[in-house]
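Common to both upcoming complexes is subunit A, partnered first by subunit B, then by subunit C.
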Partner chain A sequence: MRLKKINFPLILGCLFILIVFVVTVVGFFYTPYDPNQMAIRNRFIAPSKTNLFGTDQYGRDLLSRIMVGGQTTLTVSIIAVTVGMVIGITLGAIAGYTSHAWDEFLMRIADGIYAFPSFLLALLLVTILGSGKTPIIIAIIIGNVPVFMRITRSNFLKLREMDYVMAARAIGASPWRIVFKHLLPNALGPILVQGTASFAAAILAEASLSYLGIGVQPPQASWGRMLREAQSFATLAPWTIVFPGIAIGLSVLGFNLIGDGINRYNSKD
Partner chain B sequence: MKFIAEKLISFITTIIFVSLITFLAIQVLPGDPSLLILGTEGDPASREIIREQLGLNENIVVRYFKWIIGVFRGDLGQSIRYSVPVRDLISDALPLTLWLAFLAVILSLVISIPLGIGLAVKGGSVLDLLGSLIMQIGMSVPAFWIGILLIQLFAVKLQWLPPGGYGSFVSFILPVLALALPRAAVLTRVVRANMLDEFREDYLRTARSKGLPQGKVLYKHALRNVAISIFTVAGIHLTQLLVGTIVIEQVFSLPGLGQLLLAAVLQRDLPLVQGLVFIGAVLILTANLCFDFLIAALDPRVRFE
Partner chain C sequence: MDILEVKNLVKHFPVNKGIIRKREVGIIKAVDNISFKMVAGETLGLVGESGSGKSTTGRLIVRLMEPTSGSIYYNGQNITAMSQSDFRDLRKDFQIIFQDPYASLNPRMTVGEIIAEPLIVHRLAKGKDLDKRVDELLYLVGLSSEHARRYPREFSGGQRQRIGIARALAVNPKLIVCDEPVSALDVSIQAQVINLLQDLQKEFGLTYLFISHDLSVVKHIAQRVAVMYQGKIVEIAEKDELYQNPLHPYTKALLSAIPVPDPEAKIKRIILKGDVPSSINPPAGCRFASRCPMAREDCFEKECTLQDFGNGHLVACHSVTHSKNN
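Entry: the complex of A and B
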C-alpha cells in the first residue's frame, strides 16, 4: 500500500529530464571530442571505452554530437513553448475574465488557428524563410497559443463563479489582484499538465522536421538530423540510429511522465 | 439540425480562414516570390516571366479571388518545377497517403481496444503497471524512429518484408505499423482509463449480478459507452496521422503527398506548396467534421449541448 503513495511517474520523469538537461548543459562547456571534427580513419567505431556511444560515418564522436544536438532540441522547445504559453495564458485570461465580446472575438481566432495543423504551418514557413530554427520556433509558438488560450479561458470561466472569487470582488479587490492571486494559481495545475504535453510535442516536432532535413543545417548537430544521416548506415553501424533515438524518446518520455505525475497529484486532493 | 448547421458553418469559416493564411503566406509576406524561386542571381527578364506566370502583377484581392475560384473549379495552378497542373500531382499522390492514414487508424484501434480492456480488467496488478509503462514508452518514441528500427529488423535482418518503396500490399505493412504503434499506445491508455471509470457504474454491476458472462458485459455494455471517447481521441489522431505520414513516407520512400510536399518546400515550388498545404488542411478539417458527426450519431448528449 505504501507503494501507491509514492508518485513514481513524477519522480521518474523528473529524473529523465534532469539527465537530459545536465548532459545538454554540460555540452555547452565540455564534450569528450569536438562534435564536428571529422576523421575518416575513425569512422564507425563501435561503442567502446574511448567512444562511449561509438562514432558515425565521418568518424565524429556520437556522444559529443548527442550532447550538442540536445542544445538545438531543447532551446527550440523551451523558447517556443514558453513564448506560446505566455501569449496563450495572457489572451486566454483576457477572454475568460473581461467582456463577452472579447471572449467571442479571441476564441473565434483561436479556433481558426487551432484548426490549422502546425506541422503544415512549419512547412509553409520553411518555404518562405528557408530551413533553420526560426520557422520551426514560430510554428510551434503559433500552434501552442490557442491550446493554452482554451485551457486558461475554460478554467477562468469556471473559477470566476466560485464563492471565494466573488468574495474577493465584493471586498473590492482589483481585477489584477483577482487574476494573479486567485484565478491563475488555481488554474495552474491543468496549465502545467498541458505544458509538459506541449514540451513533449515540441521535441517530437523538432526531431521530425530535422529528420526531414528542414531543421538546423549541417554540420550543426540535432537528434533528428543525426537519424537522417545515419539511416543509410544503420545496418553497418546500428549504434548510430540507436542512441539519437533513445535521446529523443527519453526526453519525450520524461515530459509525459511528469505530466502524468502532476495529474495524479492533482486528482488526489 | 441546429448541431449540424453550427458544425457546417464553423467548418466553412475555418476553410476560408485556412485559404487566407495559405494564400497570404505564400503570396504576400516574403517580398518577391520570383526572387525566392530564382535566387538573387535571376535576371530581370526571367523574373518578369515568373511574375507573369504567377499572376503577381495584379491586385492582391483580385489574385485571391482568382485563386479561390480556381480551387473550386479544381484548378490549383501549375507546378513550377514539374510544369504539370498541381491538381494532377496531388490526385496521383493522394490515394497512397489516405490509405496509409486509414489503415493506421484501423490498426491502432484493433490493437488498442482489446489491449486497453485487458489492462483495465487486470487493473492495479503488476501486469497492468507493466502495460502502462510500455504504453508510456510507446507514445514517447518518434514514429519515424520506429520505422527505421522496423526496417532493420524485418527487412534487413529477417528479410521478410521490403525496406521501402511502393509495390504491392506487402510494402504497406511496415509503414502502417510504424504509424500505428505510437497511436495505439495513446489509445490503449484512453480505453483503459475510460473502462476503469465505466466499471464503477451501476448498470455494469447490474449486468454482472444478473449473471451475464464477462465477455458480454465488457464488449456489449461497457465498450458501447467507451466508444464515444475512443472516437473522440481517434479523430484527433487522424489529424496527427495525416501529418505523420509526411515523415513516414520519407522513411520508407513512398511517393505520397508527404514526399511531394517536402520536395515542393525544398525546391520552393510555390503553387505546389500552396495547393498541398490547402488541400492537406481541408482533408484534415473534413476528417474532423466526419468524426464530429459520427460522435453525435453515437451520443445524443453531444447534439443537445
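Entry: the complex of A and C
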C-alpha cells in the first residue's frame, strides 16, 4: 500500500461532530442544572465557574439547555436526512436504471418539488399539522428527496454505461445484482458527500424554522429557539447568543468537513 | 461446422432533437445489413476504423444490444428471436472481453469477487468449490491465488486484462468476442495477452471474434479477416488471401498504411482523399464512393453487395466486380 496523506478535513470534521454528539448524548443522562428551571434572580449570569456558559433571561443554565437543545436539533436532522436519503436514492435508482418513461415521470416531479420554496412548504405543513418536530421533519424530507434523486440518477446514468456493468450484463447478472453490486457501491461516494452537506443544511433549517417560531415550542429547547429567545438581549448578554451559535456552527462545519474528507478519499482511487 | 451465423444484421440508432417533443432528425446506421459465418474453433478478425460498427457488431452478438433487424444463429438456433430470459442459459456460451482494462473491472470488488461473479450468477459453484475454481482461473491466466483478495487498482493494465479474461472464461464459454482486447496495452504486454488468448483457444477450443483496428495484431491471431467500413462489411477472406491479394480499394488503402519495419522498403502508400463521411443519413450507393480512387458512376447510385471471388473471398465493390467480368 502507498503511504496515504493524512486526511485533515475528515479527522477535524469527525472531531467536531464527536464533540457535539458527546455533549448531546450526555444531556440524556446528566445536565448540570434542570434545563427548564427558571430562577429570575440568576438571570444573565456571565459565563463563570457555576454556570459554564452563563444563564439566559429566565436564569436557565445555558450549558444544560444546549445539551438538551442538541437532542432536538440533531434528532430532527438525522431522521429527516436519513429518510430523505433512502427515498431519494430509491426513486433516483428507478429513474436512472429502468425506463425512459419512469425517468421523465419521476424527474419532472422532482423538478416540481425543487421549484417549490421549502420554507413555504414548512409553513404550509405547520398550518396543517400544527407546530412541533413532525412538520419540520417532513418538510426537510421533502426538500431532500429531489436532491438525492438527482445525484443518484446522474451517477447511475453514467455508471450503467461502464464496461464492468456491460460485463455483468454479459454474464447474465440480474438487474438487482447490477444495482446493488455494481451501481450503488460506486455511486455511494458522491451520495455520502451530499448527505453530509444535507445534514449541515438540515441543522440550519431546523434552527431557522425554530428561530421563526414554528419549530419546537417553549419551554422545550432547540438551538434555533435559543437564538430566537436570546436575540433581544444580544448586546446585554452576548453569551446567550454566542454559545448556541457555536453549537450550530460546529456541527455544520463538522459535517461539511466530513463531506470534504470523503470527497478527498474517493478521488484517490 | 458453423458455430455462428449472422444474417442481414442491422442496428440503427435514432438521432433525436428537441426538448419537449423529441423529433427524429436522422438515423445512425451503425451496423447496416451485414452477414457472415464463423466456424467453431476459428478466429475471425473484424477490422475497420473507429465508427465503422465493429464494436456494435460484437455487442449485438453477445446481446448487450438488441438488433434493429436481422438474425443471429448459434448452432442453428436463432438467438435474436429468444427473449432475454430464455437466452439466459445460453448466455454462458457467449462472453466478451473489453478494450479498456481500467473500465472493465468494478473498482469496489476484489479480483476474487469479480471472477466469482459469473459462477455465482449461473450457480456453477459454491463455498470451497468456488474458491478453488477462482484459484484455477487465476492460475490459467498467469496470476496466482493470493491476487484474489486484492482490488483492481493494485494491478497493471496487462494484469487487469488477464483478470477480465479469467472472468470471461469462468463460465466455459464457446465464443468470445474480443473487443480490441490489446489496443489499450503497451506493445510488450500486447504480445503476452495475445499469446495467452491463443493458448486458451487451443486448450478449450474457443472461437474468437477478434475486433481490432490494428492490422498487424489481426494478422497474427486471425485465420479469417472481415473489413468493415461505415457499418458494412466490404471484404472478407482468409487471412493470407486478404493480406496478399486485397481486392477492395478500402482494404488496399488500409493495408498500405501498415508500417513496415524496414526503412529501405518502398511501399506505395494509398492516401485516401476526404474524411470519413458522417454515418447519420448516409447517401445512397456505396458508402466509400466519395473517397474511392476507383469509383465509377454506378457506385454513387447502387449499393454493392458481397460477391464471391472464389475460396470464400467476398468483396462488395462495383469496380472490382466489373473488372473481373471483363
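Going forward, the second predicted complex is superposed on the first by the 265 of 269 C-alpha atoms of A that agree within 3 Å, B and C clash if a C-alpha of one lies under 4 Å from a C-alpha of the other, contacts with A are read in each partner's own complex, and residues count from 1 in each chain.
Definition applied: a residue touches a chain if its C-beta (ideal position, glycine included) is under 8 Å from a C-beta of that chain, and two chains touch if they have at least 3 such contacts.
What you are looking at is a predicted structure, and each value in this text was computed from that prediction instead of being measured.
Peer 1: In the overlay, answer first, second, both or neither for which of subunit B and subunit C A:D163 touches.
Peer 2: The second partner, subunit C, only.
Peer 1: Under the stated touch criterion, which partner chain does A:S208 make contact with: subunit B (first), subunit C (second), both, or neither?
Peer 2: first
Peer 1: Could you tell me if A:I171 is touching subunit B, subunit C, both of them or neither one (first, second, both, neither)?
Peer 2: A:I171 contacts subunit C only, not subunit B.
Peer 1: Compare subunit B and subunit C by how many residues of subunit A each one touches, and report the one with more.
Peer 2: Ranking subunit B and subunit C by residues of subunit A touched puts B first.
Peer 1: Could you tell me if A:T127 is touching subunit B, subunit C, both of them or neither one (first, second, both, neither)?
Peer 2: first
Peer 1: Between subunit B (first) and subunit C (second), which does A:N186 come into contact with in this model arrangement: first, second, both, or neither?
Peer 2: A:N186 sits against subunit C, while subunit B stays out of touch.
Peer 1: Output check: A:T235 vs subunit B and subunit C. Expected answer is one of first, second, both, neither. What do you get?
Peer 2: The answer is first: A:T235 touches subunit B but not subunit C.
Peer 1: Taking the superposition on A as described, I'd like to know which of subunit B and subunit C A:D260 touches: first, second, both or neither.
Peer 2: First partner only.
Peer 1: A:G249 in the overlay: touching subunit B, subunit C, both, or neither? Say first, second, both or neither.
Peer 2: first
Peer 1: Using the touch definition from the top, list the residues of subunit B that touch subunit A in their complex.
Peer 2: 10, 13-14, 17-18, 21-22, 25-26, 29-30, 36, 136-137, 139-142, 144-145, 148-149, 151-152, 156, 239, 242-243, 246-247, 250-251, 261-262, 264-266, 268, 270, 273, 277, 280-281, 284-285, 288
Peer 1: Give every residue of subunit A touching subunit C within the complex, in rising order.
Peer 2: Answer in residue numbers: 162-164, 166-174, 177, 181-182, 185-186, 269.
Peer 1: Which of the residues in subunit C end up touching subunit A in this complex?
Peer 2: Of all residues in subunit C, those touching subunit A are 59, 62, 64, 88, 91-92, 94-96, 98-100, 103-109, 117-118, 121-122, 151, 153, 164, 167, 171.
Peer 1: Touching residues of subunit A toward subunit B in the complex: what are they?
Peer 2: 9, 111-112, 115-117, 119-121, 123-129, 200, 204, 207-208, 211-214, 224, 227, 231, 234-235, 238, 241, 245, 248-249, 252-253, 256-257, 260
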